[in-house]
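Below you'll find the structures, each written out as structure tokens.
Next come two complexes, and both contain chain A; in the first it sits with chain B, in the second with chain C.
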Partner chain A sequence: MSGFSLPSATLLAQSILSGLFVGALYGLMGLGLSLSWGLLRLINLAHFAFAFLAAYLCYQLAGQGMDPLLTLVVLVPAFFALGALLQALVARFAITPFNSLLLTFGLTGIVEAVIQTIWTADFRKLESTYAHLKFKVGVLFVPVPELITFVLAVALSFAVWAVLRYTDLGKALRAAAEDATIAAAFGVNQKRNALLLAGTCSALAAVAGVCLALSFTLAPSQIYAWVGVVFAAVMLGGLGRALGPLIAGSLIGVSEAVTMAVTAPSWAPIVSFTLLIVILVFRPGRVVP
Partner chain B sequence: METTNLSRRSAVAATMIGLTGMAGLVRAQSGPIRIGSTLALTGPLSATAQIHKLVGDIYVEQANQHGGWLGRKLEWVVKDDQSKPDLARTLYEQLVTADKVDLLLGPYATGAILSAMGVAQRYGKVLVHHTLGVPSLAKYELQFPAWSLGSDPATTVPNTLFDALAAGPKPPKTVAVVTSKFPSIQFMSAGAREVMKKRGLTEVLFLEWEFGNRDFGPIANRVKDAKPDFVWVGAIGLDGNLLLDAMKKIDYVPPQHFYLYPAPGPLVSLPEAKNALSVTIFEEQPPFTSNKGAAEFIKLYHERATKAGLADPSVETQAAASYTAWQILEAGVTATKGLDDKAIGAWLKANRVDTLQGKLRFNGTGNFGDDLMRIKQVQDGKWVVVWPKDVTSSGAKLLAP
Partner chain C sequence: MSAVRGVLGRRTPWLILGAALLLAFVPKLGLPAFYDSLLYLILHWVVLATSWNILSGYTGYFSFGHGAFFGAGLYTTSTLLGRYEWPFLATLPVAALVAALLGVGLGAVVFRVKGVRGELFALLTLAVTFVIGTIVVNTPLDGGQGVSLSAVPVPAIGATQSSTFYLLALMAATVTVLIAWGITVSKFGAGLYAIHDDEDAAEVMGVPTYRYKLIALAISCALAGIAGGIHALFLSYVTVGEVFTIAVPLTVVLMSVLGGSRHWAGPAVGAVAITLLLYSFTAADHAIAGKALTGVILIAAILFMPDGILPRLQKLMRRRTPPAAVGAAHPPSHLAATGASPPSPTSATTAGHGEVLLRVQGLHKSFKGVRALAGVDVEVRRGEILGLLGPNGSGKSTFINVVSGHHMASGGTVTFEGRALTNHAAHRIAGAGISRTYQIPRPFAHLTVLDNVALATMFGGGVASPDEAREQARAWLHFTGLHEKAHALPDALNLHQRKFLELARALASRPRLVLLDEVLCGLTPSEIDDAVALIRRIRDQGSTIVFVEHVMRAVMALTDRIVVFNHGELLAEGAAAEVMQRPEVMTAYLGKPHPPALQQPQERAHA
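What follows is the complex of A and B.
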């Protein structure tokens, strides 16, 4: 019973949809991480902690009657400031990329402890009207919270891509990542741009956090459950690429879901990480052109 | 002369040492009894471990209010093993060698208990533990389980469940077994499959997932496709909630469903968990509430759990097993009137202990006694014990849609 079996078309299609939705969340969580790693050379492990902190704050605010999506109005600017502050510290103490990994790992532990102190280690589930909403397209059920995540992930990924590609700020950021000295010679204000970008990355973590709260049950220790798969999406998508994490995340999500539909669910991580290795071997560095 | 002088000095020194030793002995016998343990106060197991911390605090406070054990107050030395069995081993070593605790109590959960058991065995200490999920791994003669799941739960627990279903309004013919690969879950699900086979039930689906799986959508889809009469979910923690959430998204309601070790609070509060079945050793209802210490403990636990912000402030398996562990240790100490581990161990093996779970024995395989796992069901948003009949209250019966 646990071996390979041919699924029905409905089962396969529903599973692909489910994989696409969870993949979009991988992409959304990976977007800020990828930008920070690729353009700022900051391997920000605290990105996951920030996402969970935002999720808990969303849970708290929603518990006091605020619409979960409206919490973004508060959370996005707050996390922008938090990210900019972290970047200011990193710049002030000239922390190297490797040391940034250690610094942000420590910060993750601190944020986890703060979450546990305030909300305890117990599980928390956001109860919202969105949780019960779904509609049917043909034979497929489309849950609204996951659809919101998907739409936000796609919209934000394309928005960031457009900014990086078409605006002076985006070009300056890419130039600074390519060659900081030459970019400075051309008058690029790297300090200001870095603060802006770091703030944006944390704001993106806040958006991902709200999406997490909409669909998942929260526990402080869950922070680490996302690290592996989101890192895989970031590496597959290419560092500093706006669309990369979304495409790679979706690829991983769908491959996991199809594996679960066709064979044993316990094979899902094996398939997705094998996919990562194969792609890195044959197309090192990135999957997205 | 020299000899005399030396003898005098020796005599003085010996007297001093003797007096110091006596003072130490007197201090040790009049000071608190120090009980050492670790708990997963942080890390992935902390959500459940905080229940054990709360229970331990309550028990020590209660015991000290009644004068402690053997006329001595209790002091609980509890360290954070961060949900890491390897760290638990180091900390238990510290508790014995550096902290020099008088007695040990088990950590949470199975992995850490096995680590602690190794240390206890090395130093010949009694180890009463709360929730060891795999009895066959308990090889040490001075370990004592507080969770009464019997020595062969993979056979006895599924049999109890299928007995309950067979006596219910819709005995199932087809079963889907979906399960986590978490060690203490996987062997129980494997046992359930064997029991099903022997009872002539048809398995229409068997799926396993890795611990920590995030996407339950495809699993829900496959259960729906298999159209079972009954779903055995080898769930731990939030697996059950996540699977039910995923089922709701595809408009599927399992006809009859069972969850092995769910996080107790979150599942019962989920509307989709209506009629969900699970196992328990204790619920806040008669006849359990008449067991030793139950009434006072339930009241205190409610107060403290609410104050601590726990999502579910009711006493169930985890809290009950935790309290029972303290009761077992107390029984051993008071009966032997001392802290000698061998004497305590020998007494526990030879006697029954009256606890929150009832009268427990420790003379079976691996010091496990009877399987006291009962079947409970979510009815009107509450857990209600529905099987066996002798432990149900107000005529509660298993319901099926």
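What follows is the complex of A and C.
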């Protein structure tokens, strides 16, 4: 509406770059969500809470002198166990996809309360050796924490893609997602595979959490701020596809950044959600698993 | 059971009104003002949760967009109050209207897209919430700073401001709960429940699913809009961040799921429980613990009471008082058994035997390049049983699906009793007098056998009163021998009984034409004999039958005439015994004989 103006080329390029970096984090957050929804039919709203819990733990450990990236050694196995535990519960009670959404919402509330009890509702920012590192490429500044996020997101997305496509485990998971009964008849141990996958998804949430801690301020209420836009990336990317969230997330990140540069930052949410609505109305077949 | 329900049913609205009247005297008790505010909040959530349930609980279309409709009402009232200085009460109808229009606009697009159900519908409506929130915050409606209404006078309905809000919310809650109750006992509600269980089957039974979803959404939004309008003045300072969020829809979902989303009172029960719970924790300065406990309750509810508190209690009550329930169940069904109301669907229309009832000309149907029907002409004469035969994939089921409106035709015309029905919506075709069965029975899983049949009576058969429809449905259960199972859920039936339930549903709309899609498939020989006898009786009632079947014994015994399809085209037509001897028909079924074995088919034909 107001303040509609064309920014300079440098500013535009810089905002596209930062959009790409934010988009990579959308993709990294969405990766675990998409896999668990597409392949396990578990719509895990608690994925966001897990990411924030990991971010806070990273913040805590880093405060005690640990390198933030080194915290992954602790966090990844811990969150793998957490995810597998959740999947065991969901499998035990044979929960429908919709009820899994409500169940994990309840879990999100609990995790949020835990975070708020331990770290209070105040904003927290991780001060690490990486925080202020940046270098210049041409006219553009490249901040190191964001670059780490980007590299991790791309590497993990491609790794998951390769596992799903080329390994027996990946094929078994995709087969079981299509028809669990038939897959079981062909000797797929879906129970074990599901635990493995759910654990991996939560471990991915932990990685996303560490990236979150590297470049964002943390507050328990921020958990919900990510839900809408990451869901948009997941659905635009196609459920259960490893590269989908990264590509769609980058697309959303860039278009948001451009919207913010051209109009006001408060208009940013309209991009992803309008995209989501359009895709749902015109191509629902794309997101229906 | 239904007698009990009848008595209770008639009393329910008076009980609701009585309770509301009693509650209206609460401000007279002279309690401290904060009690009024607490009661206001409870009633506020009762309105929101109950209104949400009218679409989402009854039809299963879980909306996460309730915050948007609530917010639309809230901002309508705040804009009219703050900027145009309207009197407060006059803004409420406008708030309801704006919210309803928003809902209808959204529904008109979304409900046309078949794939958007379940979690996709939930996310879509959530996305709409954020889009509308973004627009509101960036326009003068809000402007980013929020709207202050502290200068607006509160109308003097109660003695104090807080009691005024309490009374307003009480009125809104009473109206909302009455509407929610009224829908469950109406034909409209029966249609919504059918949409919940199987939308396609509901449409084929004659439920105008698209229109019903839109109406339910409009009612739901209007009530949420009123709640928003009242809440705007209650808050007196409104911001986008508190309204267009995921918190509003998730709270109402939590309340409804906890209370029981298939029951009209479920959301209200859940709203009271959750609001009190959260309040007691906030009041005691344990807001965080309250949040955690809400999460625990939600998880426990999903795991251990997926149907909610109220249905769970009802189940317990039923188990505790079985004799009364059984005693009440007997008289009506007994009455129907001996009463002189045998099903007489179409006795008047048996006249005119032999004229063309259904005329299908040049019917085409392609699925993305696969031609399932390549221009078939079929005539069905009144009073006959027409067998529809052909090898697998020859287009028989497609024919039934297109004629019944389940699929759109790609070309050609369908004329029934002289009326063009080509590409009419399935519910209109059902209303015109054509009904069908599914090869794999598709009963409404959460409705009793009786209500399954009553639904068809109401929609295809045009009976307006649910009680009357149940009475007629009982007769159809007798006709098909299912009367013992009237109050069972379809899950309790075996395949044979479920096939007969399909037949009862198809007949209950008193059709002139019944399309039977492989009703005998999967039955044992003795069950087939029962079914053949039943189909004869259906014809003797006066219905015309198109009968898709592979069981040749039944085809020979029942049909007056058969048509044979092959590769989507009409291959042969005539009396069954004669047509099946034709070489082209035998080739279609058995394949072309190799030249050396040319003799074989003839030998088989002689044998």
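Just so it is clear, the second predicted complex is superposed on the first by the 275 of 289 C-alpha atoms of A that agree within 3 Å, B and C clash if a C-alpha of one lies under 4 Å from a C-alpha of the other, contacts with A are read in each partner's own complex, and residues count from 1 in each chain.
Keep in mind that, in the parts below, a residue touches a chain if its C-beta (ideal position, glycine included) is under 8 Å from a C-beta of that chain, and two chains touch if they have at least 3 such contacts.
Quantities reported herein were computed from a predicted structural model and do not represent experimental measurements.
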{"item": "Room on chain A for both chain B and chain C (clash or fit)", "value": "clash"}
{"item": "Contacts of A:162 with chain B and chain C, given as first, second, both or neither", "value": "neither"}
{"item": "First (chain B), second (chain C), both or neither touched by A:253", "value": "first"}
{"item": "Touched partner set for A:151, first chain B, second chain C, both or neither", "value": "neither"}
{"item": "Touching partner for A:269 - first (chain B), second (chain C), both, neither", "value": "both"}
{"item": "Which superposed partner A:73 touches (first chain B, second chain C, both, neither)", "value": "neither"}
{"item": "Contacts of A:81 with chain B and chain C, given as first, second, both or neither", "value": "neither"}
{"item": "Chain B versus chain C as contact partner of A:93, first or second or both or neither", "value": "second"}
{"item": "Which of chain B and chain C A:103 touches, first, second, both or neither", "value": "second"}
{"item": "Contacts of A:114 with chain B and chain C, given as first, second, both or neither", "value": "second"}
{"item": "Part of chain C, among the options 1-9, 37-45 or 325-333, whose backbone runs into chain B after overlay", "value": "37-45"}
{"item": "Chain B and chain C contact sites that coincide on chain A, given as residue numbers", "value": "1, 112-113, 116, 224, 264, 266, 269"}
{"item": "Contacting residues of chain A [partner chain B, same complex]", "value": "1-2, 7-8, 10-11, 14-15, 17-19, 21-22, 112-113, 116, 119-125, 134, 141, 143, 146, 216-217, 219-221, 224-226, 229, 253, 256-258, 260-261, 264-266, 268-269"}
{"item": "Chain A contact footprint on chain C (complex, rising order)", "value": "62, 109-110, 113-116, 118-120, 122-124, 126-128, 130-131, 133-135, 137-139, 144, 245-247, 250, 253-254, 257, 288-289, 291-292, 294-299, 302-303, 306"}
{"item": "Residues of chain B defined as touching chain A within the complex", "value": "42-47, 49-50, 83, 181, 203-210, 212-215, 217-219, 221-222, 224-225, 237-238, 241-242, 246, 249-251, 263, 265-266, 308-311"}
{"item": "Chain A to chain C touching residues, read off their complex", "value": "1, 43, 89, 93, 95, 97-99, 101-103, 105-110, 112-114, 116-117, 224, 227-228, 231-232, 235, 264, 266-267, 269-270, 273-274, 276-277, 280-281, 284-285, 287-288"}
